[in-house]
Amino acid sequence: MALRIGVIGTGMIGSYHVDRLATQVSGAEVTAVFDVATERAKEVAAGVGARAHAQATDVIEDPTVDALVIASPGDLHADQVLACIAAGKPVLCEKPLATTTQDCLKVLEAEVAGGRQLVQIGFMRRYDAAYREVKAALDGGRIGEALLLHCVHRNPATPPGFTREMALTDSVVHEVDTTRWLLGEEIVAVSFRAGRTSPHAANQDPQMVMFETASGVLVDVESFVNCQYGYDVRCELVGSEGFASLDNPSHVTVAHSAARSNVVPADWKVRFGAAFQAEFQSWVDGVGSGDYQGASAWDGYAATAVAEAGLAALASGERTSVQLVERPSFYAGSEASR
Amino acid sequence: MALRIGVIGTGMIGSYHVDRLATQVSGAEVTAVFDVATERAKEVAAGVGARAHAQATDVIEDPTVDALVIASPGDLHADQVLACIAAGKPVLCEKPLATTTQDCLKVLEAEVAGGRQLVQIGFMRRYDAAYREVKAALDGGRIGEALLLHCVHRNPATPPGFTREMALTDSVVHEVDTTRWLLGEEIVAVSFRAGRTSPHAANQDPQMVMFETASGVLVDVESFVNCQYGYDVRCELVGSEGFASLDNPSHVTVAHSAARSNVVPADWKVRFGAAFQAEFQSWVDGVGSGDYQGASAWDGYAATAVAEAGLAALASGERTSVQLVERPSFYAGSEASR
Amino acid sequence: MALRIGVIGTGMIGSYHVDRLATQVSGAEVTAVFDVATERAKEVAAGVGARAHAQATDVIEDPTVDALVIASPGDLHADQVLACIAAGKPVLCEKPLATTTQDCLKVLEAEVAGGRQLVQIGFMRRYDAAYREVKAALDGGRIGEALLLHCVHRNPATPPGFTREMALTDSVVHEVDTTRWLLGEEIVAVSFRAGRTSPHAANQDPQMVMFETASGVLVDVESFVNCQYGYDVRCELVGSEGFASLDNPSHVTVAHSAARSNVVPADWKVRFGAAFQAEFQSWVDGVGSGDYQGASAWDGYAATAVAEAGLAALASGERTSVQLVERPSFYAGSEASR
Amino acid sequence: MALRIGVIGTGMIGSYHVDRLATQVSGAEVTAVFDVATERAKEVAAGVGARAHAQATDVIEDPTVDALVIASPGDLHADQVLACIAAGKPVLCEKPLATTTQDCLKVLEAEVAGGRQLVQIGFMRRYDAAYREVKAALDGGRIGEALLLHCVHRNPATPPGFTREMALTDSVVHEVDTTRWLLGEEIVAVSFRAGRTSPHAANQDPQMVMFETASGVLVDVESFVNCQYGYDVRCELVGSEGFASLDNPSHVTVAHSAARSNVVPADWKVRFGAAFQAEFQSWVDGVGSGDYQGASAWDGYAATAVAEAGLAALASGERTSVQLVERPSFYAGSEASR
């Protein structure tokens, strides 16, 4: 009776999800996995009593798999999601939906053609209690009309080979979705500013990424992926009557040696663990009945479109417009359209 | 393969646990329930596909029940826990273990006689991330030796019939366990102070309850169960080099009309929901292999002993010593004895 | 045209006041000083162009002195204040007014006989913006009726020879006045609790001092004069509808190495410098016209009476009542009588 | 022996300064004032025992005036400051030094020709304890190298006729000086972003103003002069090892009705009153001996140059460079050059 889940990709994020699905989510079990790192896949599979397949498509087609979670490299997402749709199986795909808007549109087309929602994108912040409180403050009218959104997205350090483009597509893309979801509208333009670079960074870092929304809300995102001191994600939504700001929780204060201090989250697992938990439990609960609370394929498409414009802005140094196709009525309930 | 759980008591807390066990805890299912409120029990059972039994003992003896959760009235706990031990089934019993130390001792005796731990007491704060951070600050030496512990335990309002004795046995008993667990030592005396009573209270409220520990740490607990403005549980542990203080999380700040504000938790579900989740998942995970992380029957006994001394102190107005039997070596690993 | 001030006592506090009066307060100048430490007095006098007298009474009688500030040892205060009253000169006397209630009563008698207020006691917290905000929250009805007051009074370390009695008379006496002033009523009983002592303390430390007010408000004061980590004065006033709590200001947060931190004030000068400034400016402004905003001789008497009861409680270990004479109508406007 | 001060301009700010200088600053008196609003000037003069002159130059030339404070309209500052220099009298001039860089340069030239510093600009934030703490965090190496500076500058509402240009020259100019002083370097370019306008604003509001410094630090300033909820000035300085952020002080928390709240300052007087006090006391103390701690004429010139570039950027929509003359060695000690 549990939802039998196949997980594609058992790297850092994929195995993190496997562990959660197998041991912390009610009504779920992991029955099959795949990763190009075969040994790693076998190890992860053994840990939860699942089978390790030789190919991603084998997982999708496995009759003991009811639904899929995709945590493979981003450039493989589109084909894998399309295969899930073809198999008629629900899929929770880590961002991005695809690395190009063209590929995203193929997914939208396939899903619309199939006639029922199967795809959810893993934007877990939508399940974070604090982000929800910010959204509730806006939606409840307590801060008036949205005018500005300031965001900070800092990571302590990056792995070798991490480029400034990746800071946009892998990190700031969360702010893309946050912006669309919080404000309920699309981003229409992207620009960049870059100044001094941290001595700890191999590439330009920090970077200021700036969005404009359809109604004219200005958004600025500080992307700083080598900030050293911790994982620090914050935002302040400024309205015409007040603001709602989101900071790291500060539950415990320790004082000694003339200072009071709070811990900064070490990484995204610490900060967003509860959001992932809520995301997966909600997806497992609702996927059978088609009750999706999270980001849709449309949201995935829009995020990729903004990222694509962002890459162009990065290359040209110019403010770049985001061009979206007309939204299919199929996605009418999607958060960013209210 | 899931742990099949029987739940005794389907009132407010019991049904809250049933819901969590059935829908949010991995590897658990609820197969049987009982409550004297028969209709309510049937309704709760139906909601999760369990059977509603005619008696508590039927749940305990039900062959489809591997382990028990007890959330019945406190004066029934001892007999029900004893029946679980007799049946050789693990049991997570809501506080108190029993309403008298005499009954607690019967449970200890039975458990020790059985030769393996079966009983855990539902002191969920031990699973709360913030309380753990306070404990880590002390255990890690960051604040020196413990000297004082200040606690605040406020509830917005009480149901009719709630007495000042109940404030001790139902509410402050959490601080009893918190004190023992944080400090790793026993409480040896209890006293009371009472002053002005809130116009919203039917009985004396607030009350100051004061503990002394074996090593001489002074603890004061403000118990205020009609504080009106919210559910507010805090503490500050003062050491010889600094302090660790625990406050409500303040993730989001909303500003308007000349003020910045944070929400105070509405009730214990909001504040301790994640702790309950961790408690139940941990119990379900470990109960099969006898790996208990939570409070033991000894901890339950000690809490009742302190509460008993507290009731005497309340009646007499005098500082009252807590008399504990010698701790069986069976409970050597119990948190409060390190 | 400036108020010409004589300062008796040029130790740590006295010279701090001389410096402020001479260089930071408008409309004031220091014309004469005295201290038994003759060289120190001369040095301080030279620094501000004042004369160093051979005796305290010479300062009081000096025709170039319009008003006095007394910062000598506490057991000399009564005689010096009486001399000021005899000379008809306003006097701002550091706490205590006198070390015995009997001596305090002599001052009250003399001041009442003189027919006009001349004496103000240096309880500077009444001028602190944060304490005023707490008082305004209560007086404005925002937190309902006062029920409890929790206080913390921590100093990093004490000089050699500092006794536990001095923690009461020199340190906690500020909470005595704060309590009376915030709540507008008298303290009627005092008791003590003592537990573990800090390894950094030569005497019992910390100590819990507890007051009861006329209307039954319970007050607890943690006195910890060797807390090591900083100067930390806080309180939380709990009312029937909410609370007002006062913490150290946290204007600036610095993050590095996985922690965000705020500075704890190093000492009372850092924490209460602005309060002293307001106190002295207000006193200098109003003293000519008899417009006193601060604590009166009555307040000084009441503080000493509570301290006296406290010392008895300390000696006996018993709750000790505070016995006050009937308040002369002369002091009807005194803060603690509303 | 007090410094005799003439104040030019007795409007809102000028009379605020007159009151402080006459009643709260040690060693200062106000002997003469001028304002085109003759009746207002007479009233202010009478309140402090000063003379109201018929012309600004009369105040400057008044032999009972040792030093000047200028709080007249900005377009009159240059001529008045030049007159002060000509008279050889120290002058504390409210920002701006002049409304054009050309006029600023005339002042620099005159002051340099005179051979000694006479001019200080009223950038009071340099005296604010919190801003100093941020600067100390950077200068002390605790946050590494400066990389980004985020600023928020919000006012509750603007008077009629307030333009978006004035938001730059009257309000954001404080961030211009803060940036230069905190970072110790010049601003080399300015740009603007504007999006949705508040329904409470007559002109574009909020606006994002962006600076680049000589070393490449990016600065963003949210200017929002109709934010409704209060006066809110904050900043976060991001370094290569951590950050230092400055928020409103939160000394007192009041809880009721399910929320804990802090007051937001009502206006700049509440927020920066202590900074003005420190600024004026410091100026009065040091002006005689030529010991200036505050912003120099060079700082005033640089601020006007940035504002001028800002106005061009506002008009053109383009990033605009700031062109400064070479700094005379006379101003070598100026803060922004260390």
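All chains are identified by letter, namely A, B, C and D, in their written order; residue positions are counted from 1 within each chain.
Here is the rule we go by: a residue touches a chain if its C-beta (ideal position, glycine included) is under 8 Å from a C-beta of that chain, and two chains touch if they have at least 3 such contacts.
What you see is a predicted model, and the numbers here were worked out from it, not measured in a lab.
When the C-beta contacts at A-D and at A-C are tallied, the pair with the greater total is A-D. Ranked by separation of Cα centres from chain D, the top chain is B.
Taking the mean of the C-alpha atoms as each chain's centre, chain A and chain C sit 57 Å apart.
Centre-to-centre separation of chain A and chain B, using mean CA positions: 37 Å. Measuring from the averaged C-alpha position of chain A to that of chain D gives a distance of 43 Å. Across the assembly, chain B contributes 144, 228-229, 241-243, 248, 250, 255-257, 263 as residues in contact with two or more other chains. Chain-to-chain contact here is organised exhaustively, every possible pair of chains being in touch. Within the complex formed with chain A, the residues of chain C that make contact are 228-230, 232, 248, 250, 255-264, 266. Against chain D, the residues of chain A that register as touching in their complex are 144-148, 150, 193-200, 206, 208, 210, 212, 215-218, 220, 222, 224, 227-229, 238, 240-243.
Chain contact summary for the complex, chain D toward chain C: residues 22-28, 129-130, 133-134, 137, 142-144, 241-257, 263, 274, 281, 285.
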